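Next up: the structures, one after another.
You will see chain A twice below: alongside chain B first, and alongside chain C after that.
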Partner chain A sequence: MNKKQTNDYTLALIKGLGHSLWAVLRHAFVKRETVSYPDIKRSLPLRWRGRIVLTRDPDGEERCVACYLCSAVCPVDCIHLQAHQNNDGRRYPETFSIDFSRCIFCGFCEEACPTLAIQLTPDFEMCERHHESLVYEKNQLLIDGQGKHPDYNFYRHAGVAIPGKAIGEAKGDTSPVDRDNNLP
Partner chain B sequence: MNFAQWLLALSSLGLALLGLLFIAALMVYGERKILALLQDRLGPNRAGPFGLLQPIADFLKLLTKEHFVPPFADRNIYIIAPIIVPFTALLSFVVVPVSDDWWLADLNIALLFILALSSLRVYGIMLGGWASNSKYPLFGGLRSAAQMISYELPMGLALMGVIILSGSFSLVDIVAAQELPFIILQPIGFIIFLVCGIAETNRLPFDLPEAENELASGYNTEYGDIKFAFYYLGEYIGVLLIAVLITVLFLGGWHGPWIPGVFWFMLKTLTLIFLFFWLRTSLPRLRYDQLMNCGWKFLLPAALINLLVTAFLGLFWMEG
Partner chain C sequence: MGTILIDGHIIPFKPGDNILQAALEANLEIPHFCYHAALGSLGACRLCAVEITPKDSSKAPRIAMACLEPLEDGLEVSISAIAAQQVRQHVIEFLMINHPHDCPICDEGGECHLQDMTVACGPPYRRYRGRKRTFSNQNLGPLIHHEMNRCITCYRCTRFYQDYALGNDLGAMRLRNEVYFGRFQDGPLENPFAGNLVEICPTGVFTDAIFRQHFARVWDLKTAPSICPHCSVGCNTLPGARDGTLRRVRNRAHPELNRWFICDRGRYGHQYSEHSARPLAPRASGADTSYHDALTAAASQIKSAQDCIGGLGSAREDLEGNAMLQALLNTLGGIYTAFSDPELETATIAAVSSLQNTGNAPSLAEIELIDAALIIGDLTAYAPMIDLALRQAYRKGAKLALLHSSPTPLAQFATTAMTVSPQEMRTTLSRLYQLINAQSATEDMTETPMTDIVASLMGARKLLLIGAIETLTAQEVPILAKLATALGSDTRLAYAFSGANAYGAALLSPAGSAMVMLEAVEAGQIRILIVAGNDPLGDSRFGPRWRAACRNLSALIVLDCILTATAKAADILFPVAAWTERGGTFINYEGRAQGFAPVFHRPEYLPSVAEVITDLGQYLGHSLQAAPSVLGDIFSDFEIPKPGTTGSLIIAPSLPMPTTPPVHSAQESCSSMWQAALTSWYGDEALASFAPGLMVLIPETVAMIEPTSAIDAGIKNGSQIKLRGSSGSMVLPVQLNQGVATGTIAIARNVLAQLGVGHGDLLELEQVL
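Entry: the complex of A and B
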C-alpha cells in the first residue's frame, strides 16, 4: 500500500465514522416505531392465521362434514375428530379437538377443507398457564357465524342428498344422468 | 486511628459503594433508553414510572435464578472470576476526586494504582473464559487477554503526557494542574486514551471478547444467575470508570465556570457515557486482526510520538 492509498483509506475511515455517528444521532428525532402492545392493539389483516374456528352455514347447521382432510393434512397432527352420521344422512363431527400447544398455524387445514368449515381468524391472544388448557374441544371451536365466507352452504351447491334436496337440485347442478336411457 | 475515625472511613466507603452500584443500575437503564432513542424504539417502560425500576427487576430475576455451575467447569475459578471484575473496577474509584475537596483517598501513585487494577481486571475475564472449559468462552478469554495487552501499552503511554504536564501521579494534583484542560494540550493523547478506554471496557466497536455473533457472547457464555450479574456490573462500572478517568485526566475534572465543580464533573462524565452508548449503536464490531493492527501499528507509535513531543516541549517549558 503506498502513501496516497493510506491517506485515502484513513480519510475514508474518518469520514465514514462521522457519517455513521451523525446518521444514528438523527434518529433520535424520528417518530418511534414501537406500538405499545397491550395498551394499543393494531388491527390485524383479515387473512391473519390465528385461532382456528369451526363455522356454520347460513341455515345455522355445522359446515363440517367430518371428512378428516384437515386432520390428515395437519403437519403436526394436532387435529383430532370423530365422525358421526345423523338420521337424515348428514355427517358431522361428534368430537373435534385442536391442540393449540402443537398447532403451528400453517393454515393447511383451512386450505384442505372442502366445505369452508374450518377457518383461521385474526386472533393470537390465547395464552394459558397449562398445556391442557390449550386443547380446544368442539364447543370452544364452533362459532355461530359464517366466518370469512358468508352465504355459503355446501349442501346447497353440491353433495349428497339431504332432506329437502335431492341429488341434482342444488345450485348450478344438473339432474343426474339416467344410466338406462343414455345409451348411444 | 480511633474508633470514630474507623467508623467514618468505613461508612464513607460503604456510601460510595452503594452510590456506585446505584449509578451502575441507572446506567443499565440509561443505556437501554439511549439505544432505544437512537433506534426509533421506546425502550423499557413497563416496570415503574418510565421503566425506571427495570434494573431492579433484572437484578431480582438474576438473583432468584438457580446457581448453576456447569459440571465440566473448573468450579473454584469459575466462581471467583466474575467477582474479580466488578471488585477491581469499584476499587479504582477510591482515588478519583469528584470535587476540589471531595475524594476518598489521595494516593501519590493513583494513576499506577488504576492501571494496575485495570490490568488485574483482565484476569477476571480471562479466567472466566478459561474456567468455563468450553470453546466459545475460551476464545473470548484469549481475545480479551490479547486485546488488553495491546491496549494497555498505548493507554499507559498516552497517560505519560498528562503526567509530564502535571508533574504528578496523583489525580487530585492532575486536576488541580488543569486550569486549561489537557484535551487542548494533549489532543492526540486524549484520542488514544479514549480508544484504548473503549477497548479496555470491551465496549463496541471493540467488544471482541463477547462478540455475540461469532462467539455466542464469548467469555460469559457459560455464566448465568448472579455470576453473570457480576460480569454485567463490572462492565458498567468499567464504563463509568473510563468516563470518569477521561473527565479527570483530560477534561479538567471539577474545573468550570458558574456552577459548582461537582456538577461540572457530572456533566462531563455523563457526556462521555452518552458518547460510549452512542458509539455502541453506531459502529460495527472490528475484526480481530483489524483490532490488533490498530493497537500495535497505529496507537502505539502515535502514543510514542506524542510522548516524545510532550517530553521535549515539557523539558524546554520547565527550564524556561
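Entry: the complex of A and C
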C-alpha cells in the first residue's frame, strides 16, 4: 500500500517535470511578450495608476472645486491646495500642488474626488534630475480634456448658482420657492 | 435628583431635565438637531427618537422624542432599540430628500452636524429619485453667506436670533415643507451677534463669509486655546490658522464667561492681523531694515538720550509686554504708563480701585441672573457680550435702567432709558445717589425718569451697576461705586473697560503718570518715547497735543502689529506678533487673568512685545528678568495662567482711588456751543477697525442730534453742518436721533479725532447753507 503510493508520486513528479521542460522548449520558439522599453512602449490600460492630472468638465471649466478631500485622504500627505471663491459662485483651487516624489500612486485621491476632477493616467515616465521638479503645480496638473470620465459636470447637479445656471436649474431641481407668497 | 436607565447604564438626572439633557450630560450621544443647550428643546426635527419601556409590562414600548420627554425616577430608555433606530433613519432620509448635492463646495463640510447625523443614523444611499425643492438665497452682508437650499428646518437660527439675541430682522417665512429663513429684504444682518448663526446652524445654510474667501477645511486648521483681544470681557476663543495666515475665530466655551456664543467683533475682528498694510519688517529712519539693525539703532538712540525716556504700554497689549516695558523703564529711570489719554487712565484706575473695594465684578453667567441693572453708556460698543448677558436678564424679566448720551441698542430693552449729556452725567449720578439715600421715592413729576430708576433699583434683589469707562470720567466712577454701596450688599459693580488688558494695565500704571509723561514730552524732558501697542497720535482728545509734543522727541520707537498713526510716524518701528502668533495673559473686566497660547507662526520673524523689550534691554547692557519672574515680583505668587483653563482672579495690591483733579479744564459754555458725545458701534475698536470685513459695515458718518434741540437751533434732518473743534473742522450731514442727549452732538470716533475733541468736550456748530 505504502509502496504503491510512493511510486505514484514519483511518476507524477516526472510527468510534471516533463511538462515544464516541454513548455520551456516550446516557448523558445513562440512570439516574445516582453518588449525592449523604451524603444518600444506598450499601451497601458486606462485604469493604470500613473501621473495624476486635473481634468475639465464638458464646458471646459475646471472640475476641481477645492473640497480638500484628496488632500485629506492622501496617506502620504503629498497634495496641497488652497481654495478660492470666484465672484460668480464657482470655487476652484488657487494653488494645487502634488509632490510626486512622495506620491505612492495609491489612487485614493481619485476615489475620494466627488467631482471626478483628479484622475490617475497611464503615464509613469516622470524622471527628473531634481527633487523639486517633481512637485507639480496646478499649471502642470491641469489638462484640457475630461480624462476618462466624459460628460460629468458637478455644477449641473449641485444646488449653488453659477453663471448660466441659476438656483433651481440643476438636474432634478424644481424652480425656487417664492418666499414672499404663501400660496402653494 | 433621581436616576434613569439608558441602554443599561444608570444615569443620574437633575429635576426639570429631559432625557436628551441627561444623556448628553452623561456623554451618551442621542442624535439630535434642534435641541441646543442655550435654546432648549423644540421637537422640530424629530431626530432624537428613543424607545421607552413602560413600567406596566403588559403595554408595548413606545417611541418618544428625548428632548421633550420629562424624566421620572426609574425610567427605562433605549437609544439602540431597533424601532428607535428606524425612526431616526427615516427622519434623516426624509431630511435628505431635498438636500442639495453640495457637500464638496459647502463650507460646513467636515464639521457639519447633518453630515455626522446622516453617517450615524441615515441610510447610506438615497432612494428618492424625484425632484428637489429649491430656494433662492439672500445677500446677508459681508459676514454671513446664505445658502438656503441646505436648510433642514430645525429653527435654531430664528430661535437664537429672535429669542436669544433679541434681533428682529431674521425670521421664518412661508409654510409646510417650504419654510424659508431669512430677512424681509436682502441686506446685512443688524444684530451684533449674528455671526453665531454660523456655529448654531447644524448645516451649511449660514456660513462664515470671511472664512469663505480664504477657505480651509477644519481638519487642516491649526488651533490653540485663545482669548479674544477685542474688549475687556475676555471671551474664550478658538482661532484657526493655516499656511501662516489666520483664517477664522470660533467660540470656545468658558463655563462662566462666553458659553456658546461670541460677538461679531470677536468673530470677525481678527482679520486685522491679515490687513494688507500690516507692518511685517522692522523700519528705521524710513527704510526697512533687519531686526538686529533696528535694535542697534534703538539702543544707540536710548544711550545718547540718557535718562530722558518714557514708555507707553497699552491696554490692548498683554500683561507680559506691559510688565517688561515697565521693568525696562524702571532700569533706565524713565516714566511708564499704559494709557495715552490721562482722562482714561484716571477713570480706569478709579474703576479698578472701586472694584477692589466693593468686591469683584460679576461674570457673564452671573449677569444673566440679575433682577435690575443701571447701565451707563453704550455697552454694545465696549463689551458686546455683557450686552448679550443683559439681554438674557431682560428675557427673564430684569428691569434695565439706562443713562446714555448717544444712541445705544440696549435702549430698546430698557425699562427706563434716559439721555444725559456727557457733562451732566455727574450731576445726574449724584442726584440718583441723593434720591437713593433719601430712601423715600419722591413723587415729584419733574423727576419722573429718575424716580422710576430709583424705584426699579430699590425694588430689586440682585442688582448690577455697570458703566462703559471710555465715556465716564474719573469723577463719575467713584459716584457709581458709592451708589453700589448705598444700594446694599447684593449690588454688583462692573465696568466695561477699553482694551482686553485694561484691568492689568491699570494695575501697572501709577495714577497721573500719563499727564506727567505728556507734559514731560511737551517740555522736552523726555527725548525718547517707546510706544508698545498704543496710538497716542491718533487719540481723539489728546491726539493734537501728542502730535505737537512728539516733534520734541529725538526718537519715537513704536512696537505694534497694526499701522496706526503713531506707527506711521515712528522713527524706529518694530512689527510685533498679533495675539494669535504669541502667548500671553489678559486680565478681563472681572480681574480674571486668562492665558492665550500661540496658534501659529508667520514666515516673517515677529517677536512679542516682551521679547523685543528683553532684546532691547540686552542691547543696552541690562539683562532683564524673564516676564514670569517680573510679574511674580509685582503680583505676589502670580503664576502665568495656563491657556485653556478657566483662569483665576488676580491678587494685586489694592490701588488707591486717584485724587487727580479733572484733566481737561471745564470749558466755558455758551449758547452756540454743543457737547460732543462719542457714538460707537460694535466694530469700533482699535484692532477690529483694521478688519476689512467689519469695516464694510461702518455706520455712515453723520452728526446725530436730538430732534427738539435741532428744531430749537433751526437744524433740519439731512442738512449740512460744520463742526469746529480744537484742531480742525468738518462738514457733516445731520441725522435726527431720539437717542442723543439734549444739546449734544453724537459723532464717531474718527470725527472726534479729526476735530481734536473728546467725549464731553465742547464743539462749535455752524450751519452750512
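Couple of notes before you dig in:
Everything below uses one rule, namely that the second predicted complex is superposed on the first by the 138 of 184 C-alpha atoms of A that agree within 3 Å, B and C clash if a C-alpha of one lies under 4 Å from a C-alpha of the other, contacts with A are read in each partner's own complex, and residues count from 1 in each chain.
The rule is simple: a residue touches a chain if its C-beta (ideal position, glycine included) is under 8 Å from a C-beta of that chain, and two chains touch if they have at least 3 such contacts.
Owing to the predicted nature of the structure, the values given are computational and were not obtained by experimental measurement.
When the two structures are aligned on the shared chain, A:20 is found in touch with chain B, with no touch to chain C. Once the two complexes are overlaid on the shared chain, A:173 sits against chain C while remaining clear of chain B. Of the two partner chains placed by the overlay, only chain B lies in contact with A:28; chain C stays clear of it. Of the two partner chains, chain B is the only one touched by A:36; chain C is not. Of the two partner chains, neither chain B nor chain C is touched by A:7.
In the superposition on chain A, contact of A:133 is made with neither chain B nor chain C. Greater residue coverage of chain A by touch, when chain B is weighed against chain C, goes to C.
On chain A, the positions that touch chain B within their shared complex are 17, 20-21, 23-25, 27-28, 30-34, 36. Contact residues on chain C toward chain A in their complex (touch as defined above): 100-105, 109-110, 130-137, 147, 149-150, 173-176, 178, 180, 182, 212-217, 219-220, 243. Residues 37-42, 45, 278-279, 281-283 of chain B touch chain A in their complex. Chain A contributes residues 65-69, 71-72, 82-83, 85, 91, 114-115, 154, 157-161, 167-168, 170, 172-177, 179-182, 184 to its touches with chain C in the complex.
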